[in-house]
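Provided herewith is a single structure, encoded as structure tokens, for subsequent inquiry.
Think of it as A, B and C in the order they're written, each chain with its own count starting at 1.
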């Protein structure tokens, strides 16, 4: 075969595989739409992501920090949150912060953080997982033992410890998250790789003389990525929850007026329990916002799993 | 297990030695002279090679020389970390165990039912409920429960105190007076000598001494924290149980059992259930890590005097030794839990046992 | 190859008559009409083969006969199955109402009736009709021992018999001991007698009676050697001893068991609603005593209970009849410790433990390699000859059909297209599908070098072809084939075909 024909053939193959990839994507979407919960999850998630990206543009103030309003209609509202009204759709919270404003900006903070963390974790997972699964032997053992070690420490504990010792910065936070999350992805990819590398067409590729890297890139990874999608969409929610928890505890990199859902909620408890009772929306509203988002992410993830799993079984 | 143990130790070592200044100032205490600093450097072998530091660290860790708490510690700086641990570990253990029990007791029957009646209302309700508990922020849920319950019920776990007839007693400082040879009620520490606390577990101790009112009181206080942690973990666990059960029900041997004429409820009880436990036990190890994370949060919110609040306070007051020890203990507990789970799996599934 | 006589079974007793069975699966994409108006007759002692391609509905038929169709999504919509004179598919149309409106299908189930019918059918499964399946490695529960799974079925259906044997052993314990002594001595003194154990039958006849005698006869007939017989006797003596420790307790249990047995037999024949209700209640109360989980625990702890001991002894005997070496040792093992062939034998022994009238074998040898396959088929044939069990053998392997079966039914796309004796169908096929099937077998002595196949693929059963379902692929199809469903016509004695190429009247007995 001349190099020309080789290129043409591989080009044709590539376009064919792209087409089949598109086909399967369309089919996935079709099955997904049959599940009402997944549809709800998908639409709400998209809504939240849109708010996260574009929201802060439409809302006054610095996109990362909440607006502080000290006086409203002549009264100091620092210690007296205002209930939801036309001016403040979600009301205000202790410290005089506009909740709606804060939550919209908080969406960006949370969503972007989660996206970065999940993305980096997934990349690490893919790389390490495919190496572990494909090479096997000692490399596999070492990588697996390392995942075991990191899975033995509860995320919150490790995160608090790291933040306390190494400093409460954004970078450390991201680092703490990734350290805890990469093992899960690595394991998933490794499991997939182990199954796929036994499949016949991988053997065929090997027999045709393709190099290991080529096999991994073209055959193994594209096919092992499905459970990763499922896990990523479920993890997105978990990362947001963890991030909010850390900020609520006060270990984040946040200052009091940082726009982040967790720290907004921590403001609600500043004056003690009885005060929260009186101004319940300060706690309820951000909580419900998070709840709905994570719930939708989970619906989406579950729906994806239902759709992708039985196909994989065949 | 050994490599994981070593790895965990290595991580805590890295944590401890990551911020050398903090470490040194911790050991220096209030004396900041060059001689003191040199003394600390010598004790911790900080001038030596890494390996020496590491070995010394391992030695200290496993012999209980855990150092002392930081100067800013609210309960008084300079307490032995080991003694703080003795006081803080039992409450967390109690909470974790009771929460685990609640999770398993709820997940197994509901998971099985949900799988058997797949796609019927029970199944959908269970799945929704599970997703709900998984999606809710633990601290928010804990707080909501607190708010919802405190004005209404007397079962308020606000702070872990025993409502003893003579007044509130701080749980963290309970003890029995043992030298009188008789059953004595709970007393505040510091007032008597010869105090005994057999196991440190409130519930166990009260039973050992037969002090039933105190036992019930302890249960009352334990109820809400355990339920919050238990329910959040239930959300995760019941889904695993359900999918494991579904997979088991699709197996061939279930068909064989039915073809023998075994009534359906026995097919489920005898053949399906036992087999679905196997895969779920392997998940339990991972899930326990999540549960402990939830325990930390709930402890902080409910003022439960366990390892969680200890870690939280230590992080606020930059108490390095406490942080390191707490992290280490949490990790060890999970490693041990995984070991137990492995043994359990071998018991349940004869294919795994060594010949 | 075995000589097969063609008309042996015309006048023989009919054990099973399936009449116009219709099973459908209700899935999102529509209704899968898996089997449509399938009828079969099974005579006593015959081996009926069902052959066809994958997806033709052979397994669905088998599962329908034992009512093992998973309820969502499948349902047996209509039909009758006569076990002897009794229609065991009673009230099948009342079990669920199916509403088909425009897009979605809704099924409203009468759960109470379904439960009642399940209770009823559980008396039949394992006792009158047994099944064995394709993958022996997956057929047994991996967490329970072999003996657990054999004893399970014995205790479920044969409890009174088991206890009676134990009672017999208890009452005649001295005679048993003496008998054992004699046999042991005979090993040295009288080797010719020991060589063929059937020589002992007159002695057994003299000394023993009842179920104990039956068991001893069985042992003598199976002729598995003196060591094995002696071991059986040891076990019987042990049982007797245990029984004699608490004879009143066990006598009481035995009486109750016998009453329940009679109740069960009556229940099968009773049609009066009220009486059926009270009978079922009594049975339900009684069944609570047979706690299978407690049984497993007792087995594990090696409890000394005459029921357990006798059930274990019978399992031992069963394993011997399927030619498993070291049968007694195998009892305590787990399924993953045995090979595929051995497991299939265990599965066969479980299926035949209660001496059912009918055994349905769904591709029992497909997952085994050829040598093991031959052994398994040989065992099945022997057992069938010795006990007179009727077998429905489902397979896609025509060679197995030729070797094992007396009659064969050819299925295509949920219909029976041809039925007859194996000789007739193989040498004189009438239906175009059968002809195509037979000619697609590669033969060494065929000068035709090209491999033949039937063009086209198996039809979609959600929208099957109108008229005869084979018409799109049939080389002989004509106009009528697309319109009318062909009748089942007898083209020669006991040879029935469903094809418009032949004229005649519909036969219902095939």
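The rule we apply is simple: a residue touches a chain if its C-beta (ideal position, glycine included) is under 8 Å from a C-beta of that chain, and two chains touch if they have at least 3 such contacts.
In this text the structure is predicted, and so the values were computed from the model without any measurement.
When chain pairs are compared by their number of contacting C-beta pairs, A-B comes first.
The greatest centre-to-centre distance from subunit A, using averaged C-alpha positions, is reached by C.
Subunit A and subunit B, compared by their mean Cα positions, are separated by 27 Å. Measuring from the averaged C-alpha position of subunit B to that of subunit C gives a distance of 53 Å.
Work out the mean CA point of subunit A and of subunit C, and you get 54 Å between them. Subunit C contributes residues 66, 68, 72, 118-119, 121-127, 130-131, 133, 135, 138-144, 152-153, 156-157, 287, 292-293, 296, 334, 336, 347, 350 to its touches with subunit B in the complex.
Put simply, subunit A touches subunit B in their complex at residues 145-146, 148-158, 160-166, 237, 241, 244-245, 248-251, 262, 265, 269, 273, 276-277, 280, 283, 287, 290-291, 294-295, 297-299, 302.
Chain contact summary for the complex, subunit B toward subunit A: residues 3-4, 7-8, 10-11, 15-16, 18-19, 22, 127, 131-132, 134-140, 143-144, 146-147, 150-151, 286, 289-290, 292-293, 296-297, 300, 311-312, 314-316, 318, 320, 323-324, 326-327, 330-331, 334-335, 338. Against subunit C, the residues of subunit B that register as touching in their complex are 118-119, 251-253, 255-264, 266, 269-271, 274-275, 278, 348-351.
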